[in-house]
Amino acid sequence: MGKTSAGNFFEDFSLGQVIRHATPRTITSGDVALYSALYGTRFAVQSADTFAQDIGYARAPVDDLLVFHVVFGKTVPDISLNAVANLGYAGGRFLAPVYPGDTLTAVSEVIGLRENSNGQSGVVYVRSTGFNQDGTEVLDYVRWVMVRKRDPKAPVLETHVPTLPAALAPDALGNAVPALDVENWRFELSGSPYRFSDYSIGERIDHVDGMTVEEAEHMVATRLYQNTAKVHFNQYTEGAGRFGRRLIYGGHVISIARALSFNGLANAFHVAGINGGRHVAPLFAGLTVFAWSEVLDAQEISGREDVGALRLRTIATKDQPCAGLPAKTGDDYDPSVILDLDYWVLIPR
Amino acid sequence: MGKTSAGNFFEDFSLGQVIRHATPRTITSGDVALYSALYGTRFAVQSADTFAQDIGYARAPVDDLLVFHVVFGKTVPDISLNAVANLGYAGGRFLAPVYPGDTLTAVSEVIGLRENSNGQSGVVYVRSTGFNQDGTEVLDYVRWVMVRKRDPKAPVLETHVPTLPAALAPDALGNAVPALDVENWRFELSGSPYRFSDYSIGERIDHVDGMTVEEAEHMVATRLYQNTAKVHFNQYTEGAGRFGRRLIYGGHVISIARALSFNGLANAFHVAGINGGRHVAPLFAGLTVFAWSEVLDAQEISGREDVGALRLRTIATKDQPCAGLPAKTGDDYDPSVILDLDYWVLIPR
Amino acid sequence: MGKTSAGNFFEDFSLGQVIRHATPRTITSGDVALYSALYGTRFAVQSADTFAQDIGYARAPVDDLLVFHVVFGKTVPDISLNAVANLGYAGGRFLAPVYPGDTLTAVSEVIGLRENSNGQSGVVYVRSTGFNQDGTEVLDYVRWVMVRKRDPKAPVLETHVPTLPAALAPDALGNAVPALDVENWRFELSGSPYRFSDYSIGERIDHVDGMTVEEAEHMVATRLYQNTAKVHFNQYTEGAGRFGRRLIYGGHVISIARALSFNGLANAFHVAGINGGRHVAPLFAGLTVFAWSEVLDAQEISGREDVGALRLRTIATKDQPCAGLPAKTGDDYDPSVILDLDYWVLIPR
């Protein structure tokens, strides 16, 4: 098995380690079309070159979450092939626009390590950064993941739990968005009249619509991102596993929830930052995803008159419409909840 | 729920009302590739830049029905989100070629309204027009759809049933097709030796092949068109509904039938007009679509020596091969019939 | 039914017959994206323009097997619509790089005919050649296929069984690969440190990962290639047939196996020749494909310092992990084996 990669185990990681990931990927209009057809996104900026150019983009930028998934996918063979669980995200920033034709690469730095008390596994914290062909950072984010040890007896030399921000500061947002001519934003074309000032902190929005997921769809999506996590693809193995079936990539759920959120947030055109996120429960094919959002914060960005930032908490459920805004009771999530995501979006002022 | 669109109900429409629809969409070669893979179309003009350029196109144009579905999809959130049934089409004209890179928008005008006698719903007639980024009309068509009332007691102020053409006149056809150098049409590459003069009125063609439809496919297609009609996507709701399962977008059936019709109509490269169409019965995943066509008319077009027009009636069935040309007995359709479409195609003379 | 093609039967073929196939096809970045998402390929050369350009390509070339499938698909309506079985391949050569924007056409020559003793069918040998828009040959290969006779009593005038090479000579390989600047090959980006000299004849590699196949995926793939073989698409007919379900296109299995082989052969960036191949057993949706490879030979190519050639035998199985390297016992294949492919790949020296 010498030439086959079995991925890294917990004891293979060291603090400060920098891993340059394979495989570079040129994002094309083909990837964009497929992403659009997988989720049915309707945000005008990403859908139409004309709309994007009218407000100041060079052309329609690639959907932020497609960029995220492609960068994330590159990290999987090195970081999480032997993961037990993907535990969380923090400090995700979109730093430059990505256009079709750009080529993405990814690098991760190990910023934290903590062995679990059972000695069977440990938590690895990495900051992963995506670059375009010019070496410009387009995205960085921290994730932490529980990774199995190859050998439970392997000594663990280092322990460090990094301090992570609870949320990005508003002024850290917006680097991926050029200065916009908001007067050219045509609200009849974008699908909603509501702008920054129309949203208030504490406002809750049921996104109403539901989307059922099929095996062929989530596998096509996950392969589009060159994400190789075995649990998504291999029914032979997973059929004998804990759930008896393939798990759906958590990022697929994020993209479904984002697409559903158009109904209520049509002008929130840009995911500017990911403060935190938790995949509360697994999703399986045949189930239907619903979502609702709460406005956690609304902030202006220093030096920008064009856009404001809404901090959203979006909750996605399976087989549970969200009119009742299902979330947590005490520490316990409603059993329908699969995703609890805290992120910033930008919206015209 | 103030920011979420619930769509328009019957009493929300007024005669002469003009609705500019979201979301503009740039059609790319990615959309074209996905369309091709969803239906397996093989018409040479749309498949190959070389073939298209040899006869006078700038490059391979986007499939007419992809244009139709994208324009149609834009109208759904405003026109038919609360539809009970999509009743019919008339007067559909393809007015300019669409190429990858073009951006489509859509506008609808309400041209007819008629409340149903039960007071629960009414029929809305709209003429929808698709435009490219230059403001050029690329498509217009009339459809009428039965829409629920929000409030059965809401008064209905207007009633008007528009007069619609039974069929487009031949001279109204062909605006989306440049003057062609038919002498450069290579029949060995297009897949058939038959041209305009080889077809005769009354001729019937069984297209032989069958295509089974899967849930993942029709949802990917319908999202590609940014069509948000809930019945196609939400198994949680539809599972408790009338049919117990998701309905397949009627336009998906039209595209399957069109692709199947290649076998017998390989040179009928352009859908030039849609005279009328009826989705006779719903289609569900797992069923197999077959199709046959009758030549209803064959007409030259004034001033064009390059192409002639065939008026076709194409009938699509589910789980019923079409060797027996199933259609109607008296007023009753054969139970296998799902689509009865009356349209014009252009074919080299 | 005169206008519908029923395909050729055995007695329709004649030695030396040349058939120019429909439909020309421009390969776009949309096709490439879809191919990538169907198989999850991660070879850096095909994935990233930057990586390809760094080593001497004009840009990322189209995956060799996508080219193969598109050329193969064109031959189906003329060669194998009435096939009982696709028996084998030989002498497949990739002769020029294909880039997005290139248009492919295909021509086949009948090079062998042999009626079966039962008089019901016969074997047709064709050499099929793919061309780009400049008339440059991009691929040729021989395949032979058992085709039904329309009329068992039809006389068979010709019998000829061509002599086929057991394997391509190494010096026949590499025409589709420009002279490479291997010093610019970044092994950290390509996903593996192993180059030509790291592989030894007789070495066996279990590719570990498994990929479950769904109906929607193999149909989307096969339509992408405009392959019209009925057994892949028509559940109504196939449900009543020998297997009770649709068969998966054998080429889909080849592409899955190739994508799985990345784990162990990440730098084997180019399929340079197909020596032979056998679809040992059919694959059906819902089953999981695994693969392993043996290095049959390792050869330098005259005049090339940049790349060497590995002759591989890759075996794919269904619902059987390949740690035990399942293959043949005597003349009998392990019942899990679905593909036995003998081919050359190029890899940096």
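For reference, chains read A, B and C in written order, and residue numbers begin at 1 within each chain.
One rule holds in what follows: a residue touches a chain if its C-beta (ideal position, glycine included) is under 8 Å from a C-beta of that chain, and two chains touch if they have at least 3 such contacts.
According to UniProt, the chain labels map to these proteins: A, B, C = Mesaconyl-CoA hydratase.
These numbers come from a predicted model, not from an experiment.
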Shared touch partners for subunit A (Mesaconyl-CoA hydratase) + subunit B (Mesaconyl-CoA hydratase) come out as C
The C-alpha superposition of subunit A (Mesaconyl-CoA hydratase) onto subunit C (Mesaconyl-CoA hydratase), two copies of one sequence, needs a rotation in degrees (nearest 5) of 120
Residue numbers at the subunit B (Mesaconyl-CoA hydratase)-subunit C (Mesaconyl-CoA hydratase) contact, same meaning over half shared and different meaning under half, come out as different
Chain centres from averaged Cα atoms put subunit B (Mesaconyl-CoA hydratase) and subunit C (Mesaconyl-CoA hydratase) apart, in whole Å, by 36
Note: subunit A (Mesaconyl-CoA hydratase) residues in touch with at least two other chains are 28-31, 33-34, 214-217, 220
The answer for subunit B (Mesaconyl-CoA hydratase) against subunit A (Mesaconyl-CoA hydratase) in the complex is residues 1, 3-6, 20, 22-26, 28-31, 33-34, 77, 101, 103, 105, 133, 214-217, 219-224, 226, 228, 230, 233-237, 246
Per the touch rule, the subunit B (Mesaconyl-CoA hydratase) residues reaching subunit C (Mesaconyl-CoA hydratase) in their complex are 28-34, 36-40, 42-44, 47-51, 60, 100, 188-192, 194, 198-199, 205-212, 214-217, 220, 263-266, 286-288, 290, 319, 321
